[in-house]
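Heads up, the next two complexes both have subunit A, just with different partners, subunit B and then subunit C.
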Partner chain A sequence: MGLLLEGVDKIVGREIHLKDIQLELATGSRTVILGRTLAGKTSLLRLMAGLDKPTHGRVLEDGRDVTKVTVRKRSVAMVYQQFINYPSLTVYDNIASPLKLAGIPKTEIDTRVRRTAAMLHIDNLLDRLPSELSGGQQQRTAIARALVKESRLLLLDEPLVNLDYKLREELRVELQQIFQQRDAIVVYTTTEPAEALMLGGDIVVLDEGRMLQVGPTAQVYRRPATTRVAEIFSDPPINFLPGKVHQGRAHLGKDIHMPLQQHMQGLAESDYTFGVRCNHLCIAPSGADDIQLRAVVELSEINGSETFIHVVYDGHRLVIQHNGVQQLKIGREVPVYVNPCQFFVFDAAGRLAAAPGEACRV
Partner chain B sequence: MMEKWEDNRAWYLVLPVFVVVAFSAIIPLMTVVNYSIQDIFGPGNAVFVGTEWYEEMLTDKRLHDALWRQFIFSGLVLLIEIPLGILIALAMPKKGWGVSASLVTLAIPLLIPWNVIGTIWIIFTRPDIGLFGVWINSLDLLQVPFDHTARPLYAWITLMAMEVWHWTPLVALLCYAGLRAIPEAYYQAARIDGASAWAVFRYIQLPKMRGVLTIAVLLRWMDSFLIYAEPFALTGGGPGNTTTFLSIYLVKLATGQFDLGPAAAFSLIYFLIVLLFCFIFYQALLNVGRGEKIS
Partner chain C sequence: MRVRKRTLALAAYFFLLVLPIYWMLNMSLRSNADILSTFSLYPVDITFNNYIKIFTDSGWYMGYVNAIIYVTINTVISLACALPAAYAFSRYRFLGDGQMFFWLLTNRMAPPAVFLLPYFQLYSTFNLIDTHIAVALAHCLFNVPLAVWILEGFMSGVPKEIDETAFIDGYSFPRFFITIFIPLIRAGVGVTAFFCFMFSWVELLFARTLTVTQAKPIVATMTRTISATGLDWGLLAANGILTIVPGALVIWFVRNHLAKGFALGRV
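Presenting the complex of A and B:
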């Protein structure tokens, strides 16, 4: 039971917005749609809501075909990237508006509005107008408007993107708790891998209108099916190095000639792409298994308490995520360390051939 | 290090603006004030009369009539042009070639000089050669044949038509700009809420157009309150005095009868009325619909 998208395409003019979408969302599930800008995230949400009709395919709700049912007749609530509230209504009336339009008795509206407002910590602002609120409070009002309906489907389209860093963290934690109390189908889109990981649940990795991978969020993070998924689901971007397996060893550029151990055992002799996340590259050895390569510093980018060190190794750019502030001189050659068990291995077609096993997770 | 110094040299930067404003506004205004409190018989031959001209003007029956006429005219202008402008803006296409086509069409009346508009409409409505005048009279529906120089009602209808044709596009363009600034997500949210088209207009479009509507009301009020060229071109204030609005009366007084003292006092009263009403409208529009209840 839940929402089922069956072979859904969305083609506008000659542009393909969505292609071959096959997706089942169970009641009470939480799904994150992860994709870059223009991947089709919003198009997909609009189809789920019934704001748009698919060009091909069907949308089923609890087994009932709702492809042609208008949004008014569906049980949907949506939160947008922009803070959407009725400008001339107070916070109270804004939250109450969907209930009033649904013709619910006044006393029930009052209790539900106050309960939802309290949940989002805006119960002290009920008499204000949206223009008198901060961005965070405006978005809380919009989220309250969506939650108060208690709809079957709750869609959030990058709801935290326009908030500043601190508010975003705060609201993200609260949202996660709120979602857990709901038995609605919650769908949340984001461009940020960190946000997807934090919200947990299931993930749909979307790229250029196509679903690349679906599954439990943590599992997809550990085993990205293709190089493209690994790219989208890594921030900062994952590092790739071309290499080949020859006579029981993997050769990656001039410095790395490692024996095939652990998860890499059994790789056939061929060309591969090796991927390693930035946080697994270090400028100091962290264990006895580490192998060393020598790279030239291009840039040290200090970001809060971390430093992103951009280096060039054998003609390939790598980014090292270093914990702590580190200013390295540009052009200097530095040793870079990596534990071989952290390598993702993709075959020539970009499909995952081997992923780091449980034993090696830091 | 920036060095701080204390003197009043910053004045030199303000001075040019001060000079321009003095010549463009303060000196002419003070000349009018000067006229309004003196009886001037000739150069160097003036008598101070205090508030006499003001008293005369404030009790002048013809000024009262002109003022009422003016209020009715400007009120009608707002009542017709604002809703009509909103309707046109709502009906305009949102994308495609229709957008530029309708924008250009709307802008045409705004580009025509005032007295040319007068001439166009006079010719258009003339009962002997005018397209409209001849056509309406050929229908034989009116008891008195249409002639804007003969009947006050016909003169008013012609004037209103002229004014509405000339300036509704401005209101429509302002409203259109206001409507286009509303993000698409508002309409989607309203659809998801199940809001009717009226509710969308009432709770999204109208509040979001508050700013442009304030500007439209102020501009149209001020401008129609100062109307001169159209009635002057049409009938010169006639038939009788039925289209003698404030500025027509003022010009008659000042340059026709050469009553400079009363005319100056009148000008200042006129100025204050315009200012007062702009203030009232501005305050009203600033506060209208704040924290209203959804019904």
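Presenting the complex of A and C:
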């Protein structure tokens, strides 16, 4: 039961927007669609909503083919990235409009509108017009209109992207609580890995119109199926180093010649790509197991309480996420430490060969 | 110093603009004998006889009534055709949409005289000569393309997501269009109506050719007053002043949106 997309393609002109989408969303599930811009996130949401028709394939709702059913006849609500409200209606009428059209009695509309508005903290603004509200309040109104309908399918297309940092944090926490109370299928798109992790649920990693990996969010984060998934699901991007396994040791560039770690046991002798997230690289040793490599500082970027240090190691660029402010002279050679059990290993085709095990996780 | 220069230049420009209108007002308040005999910068013996004649003689005041009737019909037809057309051009992509959109504008490039002869024959065949609807339809030739262009500009300024949200909420298309969409482009509709009104109100060639007596507009009536006794200067001037009034009134309502209208809604 739920929503099923079966072999869905979306081709516009000669451009492939979506290809071979095979996706099942259970009732009550929360799904995050993660992908960079132009990955096809919005196209996928529009297909789910019924705003666009797929070029090939079918969309099934509880086993019923709804591919050709217009959006008006589906039970769906959508929140856009831009703040979309009816400018000529007050906040109250905006929220009430889907209920009015459904022919629900006035008293019930009133209680539901007020309840939803209270949930989103806009109950004191009901008489205003959307243009008299701040961006955050406008988006709250749009979200309230989507929630009040209690539709089977709730789609949110990067709803927090146009809000400032503070409002985003606030609304993200609230949305999480709201989603938990619903038994609708919630689909949420984002470009930010951190947001995806915070929302939990399931994740679909989308890239250039194709689904790269589907699964529980935390699991996909821990075991990205390919280098591309690891890249998309890390912010700042994951560091890659080419290396090879030879006679029970892994060799990565000039400084790292480590014995195979526990999770790397069983790797055949071959060339591999080793990946390590930038929060696992340090400029000071953090444990006895750490190995040291020497790299040249290219840039150090201070981002409030943390510093991103860009270095070059043996011709490969790495980014180190350092907690705290650290000024480093450009061109200086610094020691970089990494715990070898934090390495992801990908084979020559870019598929995951080994991921850090439970024991190593910090 | 610069400000004063600018003020002076503007004052001179304004003087030149207003002078003919003032002169017409001046003439409309004097009798013919007075106009032809003495030169005066302002009316000495003010008389309202010219205006009284217009408002009492049905040959004159019916000219205004006829013009208002066909201008209104034309504005309504133009808006009724242009609103859906502009929505289609603004929201949908279809084969040849760009070409068709441009073709609409080319209708305004031909001189009206080109269409005059075929129109006259066609309207005669259908017995439409000397009816209000004939002039109203003929003026659609210019006003519908213009209205489509202006409205398309205003409509494209409304995000498509509003339409989609309305459909998701369950609005039927007509209900969405009338209760949500048209209020959003209110200013555009007002400006378009003004442009339709203005072109239709001042147009002379079609209005004169397609009417005889029953639907004769004021501009045509004015051209037919030259008689053996000469021109009735005072009466013509009074007519001229009255012809300006409706335009001035309509401009007042859309004054804040006119610039956007002249840019065909694309600012």
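Basically, the second predicted complex is superposed on the first by the 362 of 362 C-alpha atoms of A that agree within 3 Å, B and C clash if a C-alpha of one lies under 4 Å from a C-alpha of the other, contacts with A are read in each partner's own complex, and residues count from 1 in each chain.
The criterion applied here is as follows: contacts are C-beta pairs under 8 Å (C-beta built on N, C-alpha and C of every residue); 3 or more make two chains touch, one makes a residue touch a chain.
This is a predicted model, so every value here is computed, not measured.
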item	value
Subunit A as common anchor, with subunit B and subunit C clashing or fitting	clash
Touched partner set for A:127, first subunit B, second subunit C, both or neither	first
Contacts of A:258 with subunit B and subunit C, given as first, second, both or neither	neither
First, second, both or neither for A:51, with subunit B first and subunit C second	both
Touched partner set for A:296, first subunit B, second subunit C, both or neither	neither
Subunit B versus subunit C as contact partner of A:87, first or second or both or neither	both
Partner chain(s) touched by A:96 [first = subunit B, second = subunit C, both, neither]	first
Touching partner for A:76 - first (subunit B), second (subunit C), both, neither	both
Clash with subunit C, by subunit B stretch, listed 22-30, 40-48 or 112-120	22-30
Subunit C-contacting residues of subunit A that also contact subunit B	49, 51, 71-72, 76-78, 80, 82, 84, 86-89, 97-98, 101-102
Of subunit B, residues touching subunit A in the complex	183, 185-186, 188-189, 191-195, 199, 203-204, 206-208, 289-294
Contact footprint of subunit C on subunit A as seen in their complex	49, 51, 70-72, 76-78, 80, 82, 84, 86-89, 97-98, 101-102, 145, 149
Interface residues, subunit A side, partner subunit B - complex	46, 49, 51, 71-72, 76-78, 80-82, 84, 86-90, 93, 96-98, 100-102, 127, 129
Subunit A-facing residues of subunit C, complex	159, 161-162, 164-172, 180, 183-184
